[in-house]
Amino acid sequence: MTALRVWLADQNPSSRRQARLGQLWLAWLRIRRNRLAMAGLVIVGALLLVAAFAPWISPHDPLVQDLSRRLLPPGTAGNWLGTDDFGRDILSRIIHGARITLYIIALVAVTAPVIGLLIGTVAGYFGGWIDAALMRLTDIFLAFPRLILALALVAVLGPGIENAVFAIALTAWPPYARVARAETLTVRNSDYIAAIRLQGASAGRIIAGHVVPMCLPSVIIRVTLDMAGVILIAAGLGFLGLGVQPPLPEWGLMISSGRKFLFEQWWVATMPGLAIFVVSLGFNLLGDGLRDVLDPRSASR
Amino acid sequence: MSLLDVRNLRVTFATETGPVQAVRGVSFSLGRERLGIVGESGSGKTITGRAVLRLIRPPGRIEADAMTFDGQDLLAASERDMRALRGKRIGMVMQDPKYSLNPVMTVGRQLTEGLRLRDGLGRADATAKAMAALDAVQIRDPDRVMGAYPHELSGGMGQRVMIAMMLIPEPDLLIADEPTSALDVTVQAEVLSILDALVRDRGMALIFISHDLRLVARFCDRVLVMYKGRVVEELAAANLLAAQHPYTRGLLNCLPRIGGPRGPLPGLDRTGDWAT
Amino acid sequence: MTGIPAPPRDNRLLRLLGQIGLGLVTLSITLLGLLLVTFLIGRVVPIDPVLSIVGERATEAQMTAIRIKLGLDLPLWRQFFIYVTDAMQGDLGNSIRTGESITTEIARYFPATLELSTLGTIFGTLVGVPAGVLAATKPGSIADQIVRVVGLMGYSMPVFWLGLIGLLVFYGQLDWVAGPGRLDPVYDMQMQFTLTTYTGMILIDSALNGAWDVFGNAISHIILPAGLLGYVSMAYISRMTRSFMMNELGQEYITTARVKGMPEWRVIWVHAMKNVLVPLITVIALSYAFLLEGSVLTETIFAWPGLGSYITDALFAADMPAVLGGTVVVGVVFVTLNMASDILYRLVDPRARE
């Protein structure tokens, strides 16, 4: 193990792979030192694990109703977080809800940055009227209230998880386009890009192979921090009944259905919200930590 | 009778990778004369200047055997005492007026601030004094400058404002930290001559911090050469060319000379034990 | 040797007008884009709007008549043109549920949202800015950690969940505040029938009327939602203030101020703060916009009859024109807020005035 460490910490790497891995290793060390970021990493990791192993971890089936065990308080044997008004175990529902949450986040995390990167790099690289038009488009979408627009879109398209993801992604891509364009503009006129162009590389190759990698660190940080917000928007849509439909255990939906019993059986609405809070917090912590490590210019410490 | 007496000054910064000693045992005394401190980046010369004014904030720590100004112990002085000293008796001119002047306050306000708050002058009196100070640094249209913002001034002008600002309260000691390094060469000469005249006319002591050895030699009476937080040599400016220490000699040898040999300039040889 | 480039006065004025003009053009384009998006969303509706008005039993002739009346027979771009011109005159169509003009309805509901969001932002700023400054001036200290953690929690929480918890604890358990709604029914009637409405904002109106009992009741109702929204707002504002302040405190001019012998409070609150205010204005405007947006969720929780409630009620009643009308209004407010903060930024930062 120590031999590997020495190899990674070598100041004069002998291969590109060694240099890259060494950089990653150093970044890992710096993240590790930031306790809050590590907490975030743990939370996100837990989300992934829980979602992956949901059917095996959850003590009960999330959809099976048992009306004889309705509205039991947390701490009841076998139902650590209590049961809802259909007798379903809240803990199990939360665990399975993690899958839904992860699904939504993953889809948005894949689509929005890709769209944004595409638009931003093209705008920045080609400049001129293409740039102006694309930036107008970006500004228009950036100026919209995200939640409201997602709401209107889903209201029209009909509730459902794919529509919710589509609506969220549609309003989430502008910041990535902005960031990508800014990075592209910085890089566009540098000598090494000119050199590659002289070697005959096409615009597509230059953008994909050279400009995009430059944008990646900021995009990664942005995505992580964004996910925290996406979770909240998705929960909001679910709360309004615009996301997944019952009886699926989406966390926002669970809060909404628990509202009726807020004052007597508070746990039905409170527990799912706690889950949302913890996961969103995890992404925020992780994103902050990543930003401190990957982009010290904008570090807030 | 020395005005400023510094003995075994040490400045340490606590960083993530352990404590870093920026200044490692610097000693000097200063009377009503001009002392130059020369060194490359990272030599600790700027920090030394700031330490005298006790401007080093945590995680930095100042320690010294002694540090006295005109009989007053600078180490033991309270923050209140230091504030009374700063500006009034010790001033500091910094490198780049683009950064060292507050960008959202007019020049007039920045000039009169000290007078009005510290000395309790009324607006008219303070403005008059400020205009007089601008006149002393040869600014021809003080009215416009008073109402201008720092970004509206050229580099040379901004630096002159800076000098005026520090000289208004008529301090005994002026610390000039790379005062001309951010200026064009032609403007440098102007600003330096203004500084020269003012320091001479008011009988101020001057600490001139710079990386430019020749400049310091011309401007100052004595020179301290610093490297990596230590003073490696101290000599009179007139004797600079006869410097003994290998580092100083190395610095001198790096300087191009008109009429000198045409071969490549030598680099610094940092292999001596003084280089640790 | 002057060194100051001072352009003649008329040139400066012209340039300012040019900037305003450019700003207006950008604003118009953005608003047009907003209308285009909502228009397109409206046309994507899978439910035939005609059907939802006349029902399934209508005859072909009746449906055609309605279709012509709604202008649905015209080509799409003409429909859009009508849509935009109507919107510019303030006509957003009629609600399917009530038949009333959407604009009139929204005008009735909007002050409630305005009141809540404004109060929330005020709380958020009054607490968030000093908190951020405190954290920035003592980095790494306990105070700093607390501010950061509290702030972090604030914007990781779903606002509507926070509202529910707040109601549960402060109303249900502790009974410190009044429950959902803006006023108790008895005061509500008093407000409606005996007092004159000036602004639609109960706090202001009741005070202007001198009806202090109504005022007191209104306060007990608004304090919980405004406080919670203020918390969320404060989280973001304190974080940004901290970031800006730390940035400024590392600048050279701060050292200059200290060298001049200025007391530390002045260095922070006059010298640094003036520079922090410049980007902070944008942050506060954004925070305000964020609260407006979140009103859609919080107002249902607190039975607050504002724009958010209007939109959600319309949503549940499948009243698409009303939903879209509400979206347009929120969008317009958003865009206006952004532009206003832009203008303010230029006014406050002397460097941006060139």
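Should a chain be cited, it is by its letter among A, B and C, assigned in written order, with residues numbered from 1 in that chain.
FYI, a contact is a pair of C-beta atoms (placed from the backbone, for glycine too) under 8 Å apart; a residue touches a chain by one contact, two chains touch by 3 or more.
Note that the structure is predicted; figures quoted are calculated from it, not measured.
Inter-chain contacts peak for the pair A-C, counting C-beta pairs in contact.
Comparing mean CA positions across the assembly, the chain most remote from chain C is B. The centroid of the Cα atoms in chain A and the matching centroid in chain B are 51 Å apart. Taking the mean of the C-alpha atoms as each chain's centre, chain A and chain C sit 25 Å apart. Chain B makes touch with chain C in their complex at residues 50, 53, 55, 83-88, 91-92, 94-96, 99-105, 113-114, 117-118, 140-141, 144-145, 148-149, 151-154, 156-157, 162, 165-166. Partner chain B is touched in their complex by these residues of chain C: 1-6, 251-253, 255-263, 266, 271, 274-275, 278, 348-351.
Residues 136-137, 139-140, 143-149, 151-153, 155-158, 228, 232, 235-236, 239-242, 252, 255, 259, 262-263, 266, 269-270, 273, 276-277, 280-281, 284-285, 288, 300-301 of chain A are the ones touching chain C in the complex. Those residues of chain C lying in contact with chain A across their complex are 26, 29-30, 33-34, 37-38, 41-42, 44-46, 139, 152-153, 155-161, 164-165, 167-168, 172, 239, 242-243, 246, 289, 292-294, 296-297, 301, 311-312, 315-316, 320, 323-324, 326-327, 330-331, 334-335, 338.
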